[in-house]
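One chain, subunit A, appears in both complexes that follow, with subunit B as partner in the first and subunit C in the second.
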Partner chain A sequence: MADEEETNEYRWESGYEKTWEAIKEDDDGLLESNVAEIVARAKRKRAALKATGAIQLGMMRHLFVVIDASECMFLQDLKPTRFLCVLKLLELFVHEFFDLNPISQLGILTTKVKRSELVTALAGNQKKHIEALQQMKDTSCEGEPSLQNSLERAMNGLKNMPAHSSREVLVLFGSLTTCDPGDIKKTIKSLKENNIRVSIIGLAAEVRICREIAKRTGGTYNVLLDDHHLKELILNQVQPPAVAGSMEASLVKMGFPGGKTGSGDGASDSAADHAPAYCLCHIENETSCLMGNNSGYNCPQCGSRYCELPVECKQCGLTLVSAPHLARSYHHLFPIKPFIERTEVPEMTHCFACAKPFGELDPNVYECENCKQIVCLDCDLFIRETLHTCPGCASDPITAQMKTN
Partner chain B sequence: MKLNVDGLLVYFPYDYIYPEQFSYMLELKHALDAKGHCLLEMPSGTGKTTTLLSLIVAYMKAHPLDLTKLVYCSRTVPEIEKVMEELRKLMNYYEKEMGMEQNILGLALSSRKNLCIHPSVSKEREGKVVDGRCYGLTASFVRARHAGDDAVPVCNFYEGFDAHGKEFPLPPGVYNLDDLKEYGQAKGWCPYFLARYTITHANIVVYSYHYLLDPKIAEVVSKEISKTSVVVFDEAHNIDNVCIDSMSVKITKRLLDKCSNSIQILETTISNMKENDNRRLEKEYQRLVEGLRDANIARETDMALVNPVLPSEILEEAVPGTIRTAEHFVAFLKRVVEYIKTRLRVQHVVQESPAGFLRDIHIKVCIDRKPLRFTAERLSSLIRTLEISDLTDFSPLVTVSHFATLVSTYTKGFTIIIEPFEDRAPTVSNPILYFSCLDSSIAIKPVFNRFQTVVITSGTLSPLDMYPKILDFHPVIMTSFTMTLARPCILPMIVSKGNDQVAMSSRYETREDTAVIRNYGNLLVEVAAAVPDGIVCFFTSYLYLETIVSSWYDQGIIDQLQRHKLLFIETQDAAETSLALINYIKACDNGRGAVLLSVARGKVSEGIDFDHHLGRAVLMFGIPYVYTQSRILRARLEYLRDQFQIRENDFLTFDAMRHAAQCLGRCMRGKTDYGIMILADKRFSRADKRSKLPKWIQEHLKDTNCNLSTEECVQISKRWLRQMAQPFSREDQLGISLLTLEQLQSEEMQKKIQQRAQAA
Partner chain C sequence: MEDKEERIETPLVAIVIDATPAKKFASQAIIDNGSTMMNRIFDALIGFGNAHLMQGSHNKLAVIACNSKSTKFLYPSENGDSKSYHNRPGQYDMFAKVDSDIRHGLSELILKDSIDHDSTTSDSLLGGAMARALCHIHKIQRELSLSHQLKPRILVVSGSSDSALQYMTFMNVFFTAQKENVVIDCCMMDSDSGLLQQGCDITGGQYLRIPTVVGLLEYLLWVFLPGPSCRSKIVLPPPTKVDYRAACFCHHKLVDIGWVCSVCLSIFCKFSIICTTCNTEFKLNRPAIVPSKPKKRPRME
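On to the complex of A and B.
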């Protein structure tokens, strides 16, 4: 989606930019050292972001996304408009969010004309949210936003969530002003009391009150530079945050729906499981799909059938996940340690991961602390952001054993 | 950290230092070594105060004989308090590092109003009333009377101070106003008199400009400060105006009427006294015959600061016979007041020199120059003799006596202007006599002559070469420092035209043009939509502000503006303005955003800081030229041209640009701060205006940003604001605009500092 935008954006649309000013020559009149520095700096920033180690993470998240739908969202500094750009990126976000946080729930709010409206309530069904986001594209943006109203509303929704879950609000705020009915400081205070984290992404400039809210509630506040930066900022929110203070640990009841094959290998397998049934995710829509015998997942508690996981059972409220989902959350708990930067390692001549030979263009290589393997910058980023496991450690039987134990 | 500044060990109370602070110390050290005066410009928010204090204290410790005292002059009470806090930090650091109590005494001095702890007097709001009531309780004759009769009230705190305070000096330490009060309470001593007494032996004194520049006060407070002192004038960009104000007198009709009343009181008191206690009047007469010899002795031994109101020649003579007896003097005063009254009865504006005035007064009422010169001195003597305790009633008469003394003492550098009505209301008769000082060097001359080093410093002193001219002194060091920044945190822009390409300017000819006003309005609306939180706008005058706002209202611009931000306006009423300011801050704090419309040279433009979110952008609508039709100004311009060879236009531009710079500087109060500065007038882009901006602003004013339209300006601002909103931590600054000791000592940095010193 965002890739499309990359190609769609024309140079003349992006304002007065002086790209040549960003490039500086080094003493020999070369540009490379500078470019390499920029890349390396960006990388280091990301590494710093993840160098948190094993801490308690709020894996079970309840998140309200507040979308500013005030007049200023029609501005065209993000293409095609701020509003459409944000909605598009949010679709991606919702998808990624449930991918990485299968046992979490999400809700969407908008704010315009000094009021706040609920678009979708807290729910674990990503399809519903994405549909809602797509429908919102036709709605209009008008008036001024109200931070206080939307935060109050989100707070009311989050207040009653179980204490072991992480309560969060993400505000995408385009306006530079907020029109509030009362003292917003009180709202901040009660947000803090309720352990609600508010993260804000500003679309225009740094607004004091936003910074204050984020700081006081332990969230983050960022302002975008351009649409790529915005995408990065939004996707940063996908990672579960570290738990602030002490949160009670408790057991959560969860269902693992049985497989699709008909060979009765589980206790929950009964004849009803294999009878044709409507999928409950789509039961309200006309496009509801009638599923055959062996497709779909059945809730182990009430037997409702769903075409996709993860989902929250509509009948009994049980969270349904599959084992791989949980396994995917696992890497949040044990992030791989940041690799050590080495300027030159003579005995290694190529990257362990991609086998690319190190040339003179790579000033820095990276070494895994455990397996002492050396990888290049690109592989380092790939391992960190996509694989979440070090190929060196995984292929070495000893370290792999260590890790699983 | 401990620094080595050109061979001097300086204790600096912070772990990090800005490179320009180090350069500042170097220059200041050179000036102290040379025992000369200096003029230093350094941007606000770069820690001028702490730099000054740490260097001078270090110098005092290293050369205790060459430099004995620091006199730090600031403008307002909050600023004085800020200086004291910095000093406290520095002294704490010294103590920590050296591990023992420091033998340095620093104190702040303010008026009685801020220092009084008397249970009922301190409740008074007005400074004059407090002074008067204090005098009524502490004057020597009141206390003498109290000794005989317990019913006469005196101030217990003063009595306590008088009985014991002088024997036990204040222990070393740092005392701000509250500390003094606390100490006074604990000991039962009057903090005000304690502070005034302590000034003579304190190492560091912090007080307001007036205690040094206003001759009437300086005589009382500062005359015994030793020659080997360093005097610092902070925020001194307006110092010439302070000098002029302290020497100027304004006399209105009402003031004269009050004078007549006071004279009557004097008359009755004298006749009463004659009946009861003639001896005292005779004693006074004898004293006057002997003349002011004592004062003369003090001056010869170089004990006192020269008082420009009372030039040396007077002291050598006795009071002339015509005004020696009390009745004669009162009759004399009466004649003077009546004469001024007749002079105020004019139908057209009169301007004359002091010499002309003296000639006229001689012809009309037969008053010579000589007795006139003694008026002020004679009046205070008489008031003392008559034991009048309530001085508040006599302030008009004192004003007139000052006028009489000044007019007969100075024939050069002053002018008398009598206006029968104000320019704005030509039909209402409201005659005013202005006795105006034209030469700012008169009041400050004794300061330059007496003290070995005078430091004039501010965030905005450009163009630097103007100050030595108008203050008539020769600085040994004259430097402007720029700010080293890790990111471009100010964005100055000159917006010269609207989107319709109509030039924007507050020129007199186009001032009323609706196209210009509309363009100004559109600029503000668009900026308000793009800039978060607070925006401060400055107009050239209250009048211009009013006309613009009313036409914006008609054009619907106010409505558009209020959709983005709330609107506040500065007025001439101080209470109203401070209310507007409070609400402005509130609106900025809770995210609604606000626009403050104010006036250059007004209260807001001087002394109120709009740091961080309170001032994300400053707009300067037009060039803040002073009202050029004013006769006083024209007289001053003429004088400057004749005496100092300063062209009228140069001075006007200088004055306008320093005020513009002052306004722009409001939004920038530190290195983590950032702000947009928009100069909305075509004329700013001309070289003569641009080059007069402070160096630290000029440095960021790129050629490409000097002739923008509204749209371009908003476009640039938006991009810049996004960049500035990116996370910015101390680590980013380290090594560039913030140095640790190691970094400072590195060869590379030393080289850079050397280069900067040469370039400056």
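On to the complex of A and C.
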């Protein structure tokens, strides 16, 4: 009957996690190498979790974010209140989203008092969304949320989007109840028919209907553990998702303004191209900016002026982007293979990428399969997460060629 | 300037030198006191490096050279062994070290290349050198204590024009630099480079094409020595209008209006049925043609 000696103790009985036992002194009585090893292992584990592979990603995304603005969002389990914490994290999300998916569009909806409201329509301009999120800080949270109303409104917005884009909805749901006018199962069915993927992040506890919506539409459902976890969950949605099922591929016509004149492609350089003009992006407000000579971008098809890219031309409907916007997503398509872990190689005394000498703190070094250059752990993480190019392969005249040819 | 924050500003300049010999010096003759154009250029670069180190005691320098065969860290020296250097009495020790490391490294790089004479045809490996510079900057940032604030920038000195094959490497380097707040400046000697212009624009740096190579040191000291924080106070050469058009994947010529594959984002100048990069077939907006049944011919028995 006495199960004090039993190895599987419950946490509250007496089985504390003795984390200090994980750190041991080495022969000289120093802790440094042990700590460095633990840190290195943690870093590698995080990096290895990211899957690499030749899967098709949905690059052009149309995403609706639904924010729960009901009464329960005033609870203070996330500081200062759930609502303000979520808004702050969403500002970061919007910034990262447009950084990584420059040709995508985002829209924001809220749900409260059993209805749902549109805060910003689907647009590719991040400033507008960030301003809207900042203004939302003062709105009050009241009533009960309605999942069905918000999903129906999102569906109305996404239905008319072209078939080659990836249609998604992200719901930040803090309540344990929902008040719907009709049968939500019909909504789920029509979401599935329209190929809309719904991902839900729960802020309180797991709700069965949310799990079902996410499963049926092919999205993810997660409930947060604490605010760091919430940040991680929200930022996971920034990465383009793998395409489930068949997505129709099509060639989209896009314009690339900002070129030097005299390209000889048939477009004549009229004086109107460089004259001062009002930009069309702000022409409906009174803040339309007067663009001087040579500033702003002209649509190559209709000649209207815009102050920033990417934008959809209001006059002729052509999507205008610049080449770096598309190039930002290219690293998803040509991922670099993970480096092979090796114990120290005696002939290479320095990391190839940063010229750091290998010391005792680096038990493992990493080798690239193509160019056989050795880099240290920190450079390996930097290359994998930020740089997306192997410096060794770029420094070798044979492998420096672009693979698309 | 440093009163509000107690952190010491540590500017770091990484000079990336393109030492591809052919195009730059094909037309340059040996000038006056017997020193070749190449020597003058490297003298100017060493002078600039030392001038930067002289600005503050915490300033840091890194020099990387590249040609069409390989890239090499000149300073800090790659092998870690410091060759013996001869410094004039009264000269700051570090200047002599920089001088000797750079000269030794460059001579090794050029001698290694001179064995094989194919270097005139292939492109310079500037992308790889810039990637190594970024990794080095990242390392210095990690190693610096919290009381220092690193202000990194990269100066590219080159005479080669663009290579379309390294487009991906260049764009990855530019986006990484933008993310890490590294400013990329560019000093072009002979020709213009559209890619480097885009890079300078993306990161907020200065692009300059100098008319005479002989005055390289003066241009470097005037335009590129002040850091980004001081640049608003001085009058610099006007920014160039950057050509942001994309090059189509089939012919590598710049297009105004192109067709973009929705799966892999490759750009084509003409509408086609299949994407050559990802091999997806595109849906055509045509009414379906009903195939006619093949009629069987009656057999003649």
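FYI, the second predicted complex is superposed on the first by the 283 of 405 C-alpha atoms of A that agree within 3 Å, B and C clash if a C-alpha of one lies under 4 Å from a C-alpha of the other, contacts with A are read in each partner's own complex, and residues count from 1 in each chain.
In this section, a contact is a pair of C-beta atoms (placed from the backbone, for glycine too) under 8 Å apart; a residue touches a chain by one contact, two chains touch by 3 or more.
Just so it is clear, the model here is predicted, and its values are computed rather than measured.
Trainee: Quick one: name whichever of subunit B and subunit C touches more residues of subunit A.
Mentor: Subunit A has more residues touched by C than by the other partner.
Trainee: For A:208, using the defined touch cut-off, is the partner it touches subunit B, subunit C, both, or neither? Pick first, second, both or neither.
Mentor: After superposition on chain A, A:208 lies in contact with subunit B alone.
Trainee: Does the superposition put A:140 against subunit B (first), subunit C (second), both, or neither?
Mentor: A:140 contacts neither subunit B nor subunit C.
Trainee: Is A:397 touching the first partner subunit B, the second partner subunit C, both, or neither of them?
Mentor: second
Trainee: Touching A:156, do we find subunit B (first), subunit C (second), both, or neither?
Mentor: Neither: A:156 stays clear of subunit B and subunit C.
Trainee: Mind working out whether A:180 is in touch with subunit B, subunit C, both or neither, as first, second, both or neither?
Mentor: first
Trainee: Scan A:258 for contacts with subunit B and subunit C and give back first, second, both or neither.
Mentor: So A:258 only meets subunit C here.
Trainee: Per the definitions at the top, what is the overlap between the subunit A residues touching subunit B and those touching subunit C?
Mentor: The overlap between the subunit B and subunit C interfaces on subunit A is empty, containing no residue.
Trainee: How about subunit A: which of its residues touch subunit C in the complex?
Mentor: Checking each residue of subunit A against subunit C gives 56, 59-60, 163-165, 247-260, 263, 265, 267, 294, 300-301, 318, 322-324, 326-331, 333-334, 349-357, 375, 378-379, 382-383, 386-397, 400-402, 404-405.
Trainee: Which positions of subunit C touch subunit A when the two form their complex?
Mentor: 66, 68-71, 73, 76, 78-80, 122-123, 125, 127-129, 131-132, 134-136, 138-139, 142, 164-169, 171-176, 179-180, 198, 202, 241-247, 249, 254-268, 271-272, 275, 277-278, 280-283
Trainee: Which subunit A residues qualify as touching subunit B in the complex?
Mentor: 15-16, 72, 77, 144, 147, 176-180, 183-185, 202, 204-210, 222-225
Trainee: Going by the contact rule set out above, which residues of subunit B touch subunit A in the complex?
Mentor: Result: residues 529-533, 563-565, 588-593, 612-613, 616, 712, 715-716, 718-719, 721-727 of subunit B touch subunit A.
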